[in-house]
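First subunit A sits with subunit B, and in the next complex the same chain sits with subunit C.
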Partner chain A sequence: MKHYAPWVFVLVLALLPLAFPDPYMLAVLTSAGIFIIGAISLNLLLGYTGQLSLGHVAFFGLGAYTSALVSLGFDIGIGFGLRITLQPQPVWLGFIAAIVVAGAFGWLLGRLAFRVRGAYFVIITICFAQVLRMVALNWIELTQGPMALISIPPFSLWLPGQGVVPLYSKAQNYWLVLGVAVLAFIVVRQLVESRIGRALVALRANESLARSVGIRVTHYLVIAAVVSAGIAGAAGSLFAHYIRIIDPDVFLFIYTVTMVIMVITGGKGTLWGPVVGGLIFGLVPDLLRGHARPEAQWVLYGVAMILFVMFLPRGIVPALASLKRRA
Partner chain B sequence: MTGLLQVEGLAVHIGGLVAIADASFTVPEGQVVSLIGPNGAGKTTAFNVITGYMRPTKGRILFDGADITGLAPDRIAERGIVRSFQRTSVFTGCTVLENALMALHRRGSAGLLGALFRLPSAKREEARLLAEAWAMLEFTGLAERADTAAEVLAYGEQRRLGIALAAIASPRLLLLDEPAAGLNPSETAACMALIRQLRDRGATILLVEHDMPMVMQMSDTIVVLNQGRIIASGAPADIRANPEVIRAYLGSGEWQEAAHAEA
Partner chain C sequence: MDQALQHLVNGTVLGGTYALLGIGLTLIFGVMRVVNFTHGELYAFGAYMTYAFVSLLGVNFFAALALATLCGVGLGALIELVLLRSMRKADIDSVMLVMIGASLVLQNGEMWAWGGVAKLVPNPFNGSPLVLGPVSVLPLRLFVLAVSAALLLGFWLMLDRTRAGVAMRATFQDPETAALMGVRIGWVNTATFAIGSGLAAAAGALLGPVFMVSPTMGDLVGLKAFAIVILGGLGSLPGATIGGFALGFVEEYAGGYLSTEYRDAFGFLLIILVLALKPQGLVPAKERIG
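Now for the complex of A and B:
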């Protein structure tokens, strides 16, 4: 891809709301964009370190709840007659808190879970997301449990000449998500194309050899986990302030699966894989909505997924790249 | 005698099997020391223990005077002991140049901030590492293969890359596990030249090898293991004349069979 091609792509996306101000299309693109950010973060773990985290939605949900709670404020008892009270804070503070809290849990999970790898790691990550879902369901004083956190304020930004304004319109939210997605992409690219990224790929390619030349396994896997979790937390925060209602279902396994599918079909371990896979699996369900019943849609997904794994096991982006090389 | 590496009273039991019963030896700085013996004598086990891939049952390992027994492989590598592997071992899916850059890990220090913000220090370091990688590829004769995927190299080239990857981390002690296994005579000669050059650049080398002419030519000291025990150690000429070594290893012709079996 030519040097400027990605920026042309971003520019086209940025101009889209001006050319086609269709609120339905913008809504679909915005929620696809949020999941693409999630997929970009998952790709850092799954694609570059080769560790399959099936609890990735945990970081997404943590970000959503953290951001919502910081912006709504809370007042909870923690036993011993002590209470923690937080007055409602600006949304940008919630956004940063979401990244920090998710990143911290990424560190914790990385420290604990990377002692084991392979199937055990997968199991630990699944449990991690399930535990968080149980906490969200049952810690009603904090999370309202199944009654959900409602009236979450929309994202607000400081805009030149207008001061701090809440983003109510579809187009504004779309641009916000696009901006964060571009940032997330750049962060992952910078990381991957560096000494750290090489260490990650070396560990994936041949762990014994990597250790023999002095690459510290846990250290680098934890760095990847923290950055990955932080970006997923940011996506969760965007989700919370866009949908503006959060319930424990945000921790559902299906969201992890959605992100995994996006990464694998697009091409894990490639920068553009999660974007391509995310666009396909973020947009196709809504394109099908008018034509196929939900049950038929799930069947179609399943078939599509099997076909991808059978015929493009490395994903779309690597397949296109090798096609281009041959041409 | 103190040396760069001292192995003291090493014993390794794997389940009920005694891989190494009792072994002590020293690798003096700047020398090439070879560890020889029939298959199953415990040579590779010794390598695995020294580099942290296995834990010893008894005994300790001193490197430059410090006890490194039981440290993790990456920690031991950080202290300056790097090994090559008996089976071909490269970073698959990466080009030869990328392999070299990965093995240069220890020569850099750029962290998260340097990577994210492309700090000038990180950029300078990248340029330096790239230059070092190219220099090592020139040195090992792999420069024209720089853009080739490591796993499609010819066998001899892969072996050479394996040694280059261990050497490129600029270890103080380089452990080579059968570097000439499966190589034809001209490739073996190239391999020997490479090892000599590495020694001349200041690396101390501990070598496990079945190719006796190579061992006899290369080594300053030879340590002979048999059934988990050291039965002799000394200069090549002494080893060649040692009756116990001849009985256990050299004279039986077993080493030739072993070398053929592995090739």
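Now for the complex of A and C:
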């Protein structure tokens, strides 16, 4: 790919709302974009460190709840007659809080989970997301439980000449998500092309060898987990302020699986894999809508996952790249 | 004190079915090195088959339980032959992903076939509880406990006394050496997966009439099965049995004395703690199987 091609791609995406101001299409692309950001962050763990983290939705959900709660404010008792009260804060503060809180939990989970590998690691990460879902369901004073957090304010941004304005329109939200996605992509690219990224790839290839040449394996894995969790938290925040209602189902395993499918089909451990996979699986549900029942979508996802892992395990992007090299 | 006894009885009933689930999962992991994400769906499948046989086809309740278990064995064998057989050389992460895909297909297939509304399975036991001193227990639950215990015992005897059991234990310890000694690993794998799935289906068939049957019932149970297996040490059969009862008691006592709302969360917290502090599980699999 020529070095300016990605920027042309971004420019085309950025001009899309001006050329085709169709709100339905923009809504589909915006929610696809949010999941693509999630997939980009998951790829850092799944693709570059080779750790199958299946609790990724935990960070997404944490980001969503943190951001929503900061922007709505809360008042909770923490026992011994003490209360924590927060007045509603501006949304951008919620966005930053989402990244920080998700990143902190990424550190915690990394410290706990990277003591083990393989099946054990996978199961810890899944359980982590489940525990958070239970907390979201049952800590009703904070999260409203199954009644959901409602009336979450839309994202607001400072725009030149207009001051701070809430983003109500589809196109504005689309641009916001596109902007964050580009940022996330750049952060991940800088990280994997840095010393840290080379250390991650080394330990993916051969962990004991990497350890023997002095790479602090756990240290680098935790860094990857923190960055990955922070980006997922940002995606969660965007989701909360875009959908504007959050319930504990945001922690469902099925959303992790959606992100995993995006990464696997696109090509794990490639920068463009999650984008390609995310575009495919972000748009498929809407192509199916009206033709098939919702279960059909998940059956299709399951079949796609099986077929890709069995027959095209490296994903679409590497397969296309090797086709191009051969031609 | 009376309440503690009641919890003990409830925990034992719950623990018996948990042990069935855990043993199936740990057997499959031990012999095949497969983390079986379809386990919870097989549990739901067992429950739905019982519902189908009893309510739709009018089969006798006890026969329906047996038939549902056999259907689970068949589905397990099918999954092994179609998906896992060609992946025997693949790495553990790829196999996990394929099994996640399979569980998506199964769960949503069930949703498609049966709809989202929970079903009730009629059973021949009457609803009034047996009262023994301070403890009361429903006859249906006692039946569930008895059948779980019988299945656990039967499974141990199969593993300990039969040629198939010996082949499984040999494969568990060292697949290559077992293959050299003339064990047909392919068929051992199929049998293992079929039996493990059958145990999950049996647990579903037994608990379906106790609770309700719904397409998402496998979700939480699949994760709990992991909890049980991790508690006991992945690949340890005595561990899975102990882990099953341990989870039953933890849920029952923590749910009773600490918080009903967080009842299901205690199991997961327990796994995270066990893995963080003692990654080999409470019963390390040093003596392996049997």
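Rule of thumb we're sticking to: the second predicted complex is superposed on the first by the 327 of 327 C-alpha atoms of A that agree within 3 Å, B and C clash if a C-alpha of one lies under 4 Å from a C-alpha of the other, contacts with A are read in each partner's own complex, and residues count from 1 in each chain.
Everything below uses one rule, namely that contacts are C-beta pairs under 8 Å (C-beta built on N, C-alpha and C of every residue); 3 or more make two chains touch, one makes a residue touch a chain.
Computed from a predicted structure; not experimentally measured.
**Q** Counting only touches as set out at the top, which of subunit B and subunit C does A:Val303 meet: first, second, both, neither?
**A** After superposition on chain A, A:Val303 lies in contact with subunit C alone.
**Q** First (subunit B), second (subunit C), both or neither: which does A:Met147 touch?
**A** After superposition on chain A, A:Met147 lies in contact with neither partner.
**Q** Now for A:Ile215: first (subunit B), second (subunit C), both, or neither, which partner does it touch?
**A** First partner only, subunit B.
**Q** Looking at subunit A, does subunit C or subunit B touch more of its residues?
**A** Ranking subunit B and subunit C by residues of subunit A touched puts C first.
**Q** Of the partners subunit B and subunit C, which touch A:Asn138 in the superposed model: first, second, both, neither?
**A** In the superposed model, A:Asn138 contacts subunit C only, not subunit B.
**Q** With the two structures laid over each other on chain A, which partner does A:Ile123 touch: subunit B (first), subunit C (second), both, or neither?
**A** The second partner, subunit C, only.
**Q** If you stack the two complexes on chain A, which partner ends up touching A:Arg115: first (subunit B), second (subunit C), both, or neither?
**A** Once the two structures are laid over each other on A, A:Arg115 reaches subunit C alone.
**Q** Shared contact residues on subunit A for subunit B and subunit C?
**A** none
**Q** Along subunit C, where are the residues that touch subunit A in the complex?
**A** Those in contact with subunit A are residues 29, 35, 83, 86-87, 92-94, 96-98, 100-105, 107-109, 111-112, 219, 223, 226-227, 230, 234, 259, 261-262, 264-265, 268-269, 271-272, 275-276, 279.
**Q** Which part of subunit A faces subunit B closely enough to touch in the complex?
**A** Touching subunit B: residues 187, 190-191, 194-199, 201-202, 205-206, 208-217, 223, 227 of subunit A.
**Q** What part of subunit A is in contact with subunit C in the complex they form?
**A** Spelled out, the residues of subunit A in touch with subunit C are 50, 52, 54, 112-113, 115-116, 118-120, 122-124, 126-128, 130-131, 134-135, 137-138, 253-254, 257, 260, 264, 293, 295-296, 298-299, 301-306, 309-310, 313.
**Q** With touch defined as at the start, can you tell me which subunit B residues reach subunit A in the complex?
**A** Going by the criterion above, the answer is residues 51, 53, 72-75, 77-78, 82-83, 85, 89-94, 98, 101-103, 105-106, 108, 110-112, 114-118, 122, 125-126, 129, 165-166, 168-169.
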